[in-house]
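First chain A sits with chain B, and in the next complex the same chain sits with chain C.
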Partner chain A sequence: MQYQSQAVAKPYFIAAIGLFVGQILFGLIMGLQYVMGDFLFPEIPFNVARMVHTNLLIVWLLFGFMGAAYFLVPEEAERELHSPKLALALFWIFLIAGALTILGYLLVPYAGLAKMTGNHLLPTMGREFLEQPTITKLGIVVVALGFLYNIGVTILAGRKTVVNLVLLTGLVGLAVFFLFAFYNPENLVKDKFYWWWVVHLWVEGVWELILGSILAFVLLKVTGVDREVIEKWLYVIIAMALITGVIGTGHHFYWIGAPEYWQWWGSIFSAMEPIPFFMMTVFAFNMVNRRRREHPNQAAVLWALGTAVMAFLGAGVWGFLHTLAPVNYYTHGTQITAAHGHMAFYGAYVMIVLTIISYAMPILRGQKAGNRSAQVLEMWSFWFMTVSMVFITLFLTGAGILQVWMQRYSDAPMAFMVVQEKIELFYWMREVAGLVFLIGLIMYVWSFFVKGDERVVASAATA
Partner chain B sequence: MLAPGLAFVVLLILYMKNRAHADPLAANHLSQTVGVSLAGGALILVIIALILVLGGFDSGYTWMIVILYFTFIHSSLILLGVAGLVKAMAGEHFRYPLIGRPFKP
Partner chain C sequence: MNVLWPVQLQPDVNAIATPPAPRRVRDLPGDFAIWIFIYAELLVFGVFFLAYAFARAGNVELFNEHQQFLDRTTGAVNTLVLITSSLFAVRAVEAIRRGAAASCSRWLAMAVMSGGVFVVLKLIEFADKQEQGITLSTNTFYMFYLSLTFFHFMHVLMGMVILSAVAVKAYRGAYSASRHTGVETGASYWHMVDLVWIVLFPLVYVMH
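So, the complex of A and B:
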């Protein structure tokens, strides 16, 4: 570890992995509720399981991004973090607030939680992905501001590289667009319109900057390719991400009551959204192909390449599949959306966080890379999780296409629940694939505890 | 993916224009890419036609298989194209697996 203050990243990564396990467990519960409607009812109703599944995803990815920033920024800025104590204090505030919120979802009826937390004073609850009580949202803002201050001061006082400036821009964007979570107009069209400014402009906007900068940092370290080359690629990728992604928000405005011109703007610009992901794939493979060194952490290299490929497939290809307005007229809100959501989140954001954890964690534990046995297990976990996610996506896509056919496209459309019964087989297959994913995740966690010959890795590092 | 027909026409023009006097590396990449585009295109069109003929146009299951097959094969071809492009950028020869034309580097 080049700078002692990078160590604050470790608790963030551990929390991220812990919450990731929780997210998958609730995903499996929910997956089973699709086919056994009363499973765990009334203890964990479907709507609560779904809320916990999606909220845990967001929270653990934020933990991952913050951990990544605390690890990456001192190294890029060539100085210690401005305040490691502040970083640790914010960690505990965020973790406790997050845990209390999840417990609130599980133990208190949602309306009761809204009442208990004073939602009537500043109503922000009740919207998908933004279900958190207002007080939790305010906590997130405080944590984000403290975090940005810490990271920002470190960068501004130190070396400014493209990697850390792009990362900072992404993180500032993340905080700014979250503020729209506090805007909750009574007009439903306006509500949905600005709700997407949080959701879409996060995942198809500023988060892509965070993704690009973390990927660039890891590739810089594991390949030894010139910084100039990597930085030029990063510039072009984030430019394309913003050019396509910002106006691409229009693909969410097709059917919510917004003006019709959004069907053109949304279709044209979001059809180009795969371009930055395609470039990211070329970038990652190109850098690894031109590598100047054989880095001993082969697991991190695998995660980095996997991120590029899966992000292209999940966000790029599966997004394109249903983004054009005439297609989306039939597909919106079906299992095709769920298929896209699963693979895109996994490919773009889960994998990039696992990439930086894979690269940083051995260093944070005093090694250049994990021992060979640990890396082999980690690489197996990569394949288990990635292949099972491909199958989850394929099964959900199959279910979605049949759903569109029976429920939307047909001259005699069937009722929603009738169709749900007809596509039950796909939900069972998705659940089995989800179990394989869980096995992969257990292997991943286990890989941190595998002992092996550290000298082999050390000698490879010096070779 | 966005405009496959247009991209193929541009590729074909490049191939016709340069195949005679391009250096061996460029000639190989052009020839490989044109060959795979033709083979891949045929693979997509012929198999989809077969699925439609055998399954019938009026079945949701037929369309499910067609869309999944098209998405899977098309994405795989794009990713193979990325591999070829990366090799070309590094000045290395590349042969597409299974459907690439044999060549002597």
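So, the complex of A and C:
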């Protein structure tokens, strides 16, 4: 570790992995509820399981992003973090607030939670992914401001690298667009319109800057390629991501009552969204092929390459599948969307957080890289999780195609629930793939506890 | 050797004595990254043009009817203005290849000013359409007309920003005969903006 204050990243990473496990467990519960509707009813109804599954994902990714920032910002800025104490305080505030919110979802009926937390004073609840009580949302803003202050001061006072500035831009954007979570107009069209400014402009806008900068940082470290080369790639990638992603928001405006021109704008610009992801794949492989050193942490290299490929497939290819308005007319809100959502979130954001954890965690624990046995297990967990996610995506895609065909496209469309029963087999297969994913995740967690040859570790630490 | 401007304004007496270092043909002018960018931009415009053709094929009469209300004269003037500004950009690159930084900076300034003329004429055109109550939702033809011209308009502004930055750097002596990638980069982007207009103008304003 080059700077002592980088150590604050560690609790963030640990919390992220812990919440990740929770997310997957609730995913499995929900997956089973698709085929056994009354499983765990009335204790955990489907809507609650879904809320916990998606909210945990967002929260643990935010923990991951913050941990990544606390780790890489001091190293890039070449100075200690402005205030490690603030970082730790915010960690506990965020963790406790997050845990209380999840407990609220699980223990109190949602309407009761809204009443308890004073939602009527400033109503922001009840919208997909933004279900958090208003008070939690305010807490998120406070944590985000404190976090931005901390890393902002560090960056501005230190060496300003492209990686740091792109990361900071992405994080500021994340905070700014979250403010639209507080805008909750009566008009349902406007409500949906600006709701996407949080949801879409996060994952297909500013989060891509965070993804790009973390990937660039890890590639810089593990390949030893010139910073100038990596920075140029990063610039071009994020410029393309923003040009296509920002106007690409239009692909959510087709059927919500927004003007018709969005069908053209959304289709044309979002059809280009795979380009920056493809460039990211070329970038990652290119840099690794031109590497000037063999970094001992081969697991981190694997994650870095994996995230580039899976982000392109999940976000790029599976996004393109249903982004054109005439196609989306039939696929909107079907299992095709779920297929895309799973692979895109896993490929782009889960994997980039696991990439930086894979690179940083051994360093935070005083080694340059994990021991050989630990790395082998971690790589196995990579393949288990990644391949099972490919299958989850394929099964959901199969379910989605059948659903579109039977429920929307055919001359004699069938009712929603009739179709759901007919595609049950795909949901069962998805659940099995989900169990394999859980096995991969258990292996991943286990890999942190594998003891190896101490001599190798010691020599790596002094290297 | 300059093919676009056959008349040498300043006879280059050194041209024979010291021939310029031969450029490898496959070298792209400017920074490689700008070419990725240019191709991506051309792709977006290309898809937009295809969408226009596709939409027009389904509604030829509507497109032909409303096309005649567009201001073709201003469009034609703007075409000349942009082509001329591209020539200025060529002259700027040529100047810096000779090491004439001040001249390069002046040519770039002229290119930016031509861009300014384009912007003013375009704003008058947009204001006129707005006065007539034409919006993106009026009909499919106007949707394409406004989207394409506005999207291109934003690229003209972007190009002007780039060329201005390059002009200032050139003025301050940041470029020389041997190191002037930045000038070529800016000029390449500007030519792309010009090229798109050369396709856009006949497609949207003239052809029916």
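Note that in this section the second predicted complex is superposed on the first by the 454 of 463 C-alpha atoms of A that agree within 3 Å, B and C clash if a C-alpha of one lies under 4 Å from a C-alpha of the other, contacts with A are read in each partner's own complex, and residues count from 1 in each chain.
Heads up, the rule we're going with is that a residue touches a chain if its C-beta (ideal position, glycine included) is under 8 Å from a C-beta of that chain, and two chains touch if they have at least 3 such contacts.
The structure presented is a predicted model; accordingly, all values stated were derived computationally and were not measured.
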item	value
Partner chain in contact with A:25 - chain B first, chain C second, else both or neither	neither
Which of chain B and chain C A:236 touches, first, second, both or neither	second
Chain A residues touched - chain C or chain B, whichever exceeds	B
Contacts of A:286 with chain B and chain C, given as first, second, both or neither	first
Touched partner set for A:256, first chain B, second chain C, both or neither	neither
Touched partner set for A:264, first chain B, second chain C, both or neither	second
Contacts of A:405 with chain B and chain C, given as first, second, both or neither	first
Partner chain in contact with A:272 - chain B first, chain C second, else both or neither	both
Doubly contacted residues of chain A, that is, touched by chain B and again by chain C	271-272, 275
In the complex, chain B residues that touch chain A	1-2, 60-61, 63-64, 67-68, 71-72, 74-75, 78-79, 82-83, 85-87, 89-90, 92
Contact set on chain A toward chain B in their complex	271-272, 274-275, 278, 281-282, 285-286, 289-290, 309, 312-313, 316-318, 320-321, 394, 397-398, 401-402, 405-406
In the complex with chain C, residue positions of chain A that touch it	232-233, 235-236, 239-240, 243-244, 259-261, 264-265, 267-269, 271-272, 275, 279
Touching residues on chain C, where the partner in the complex is chain A	31, 33, 36-37, 40, 43-44, 47-48, 51, 55, 136-137, 143-144, 147
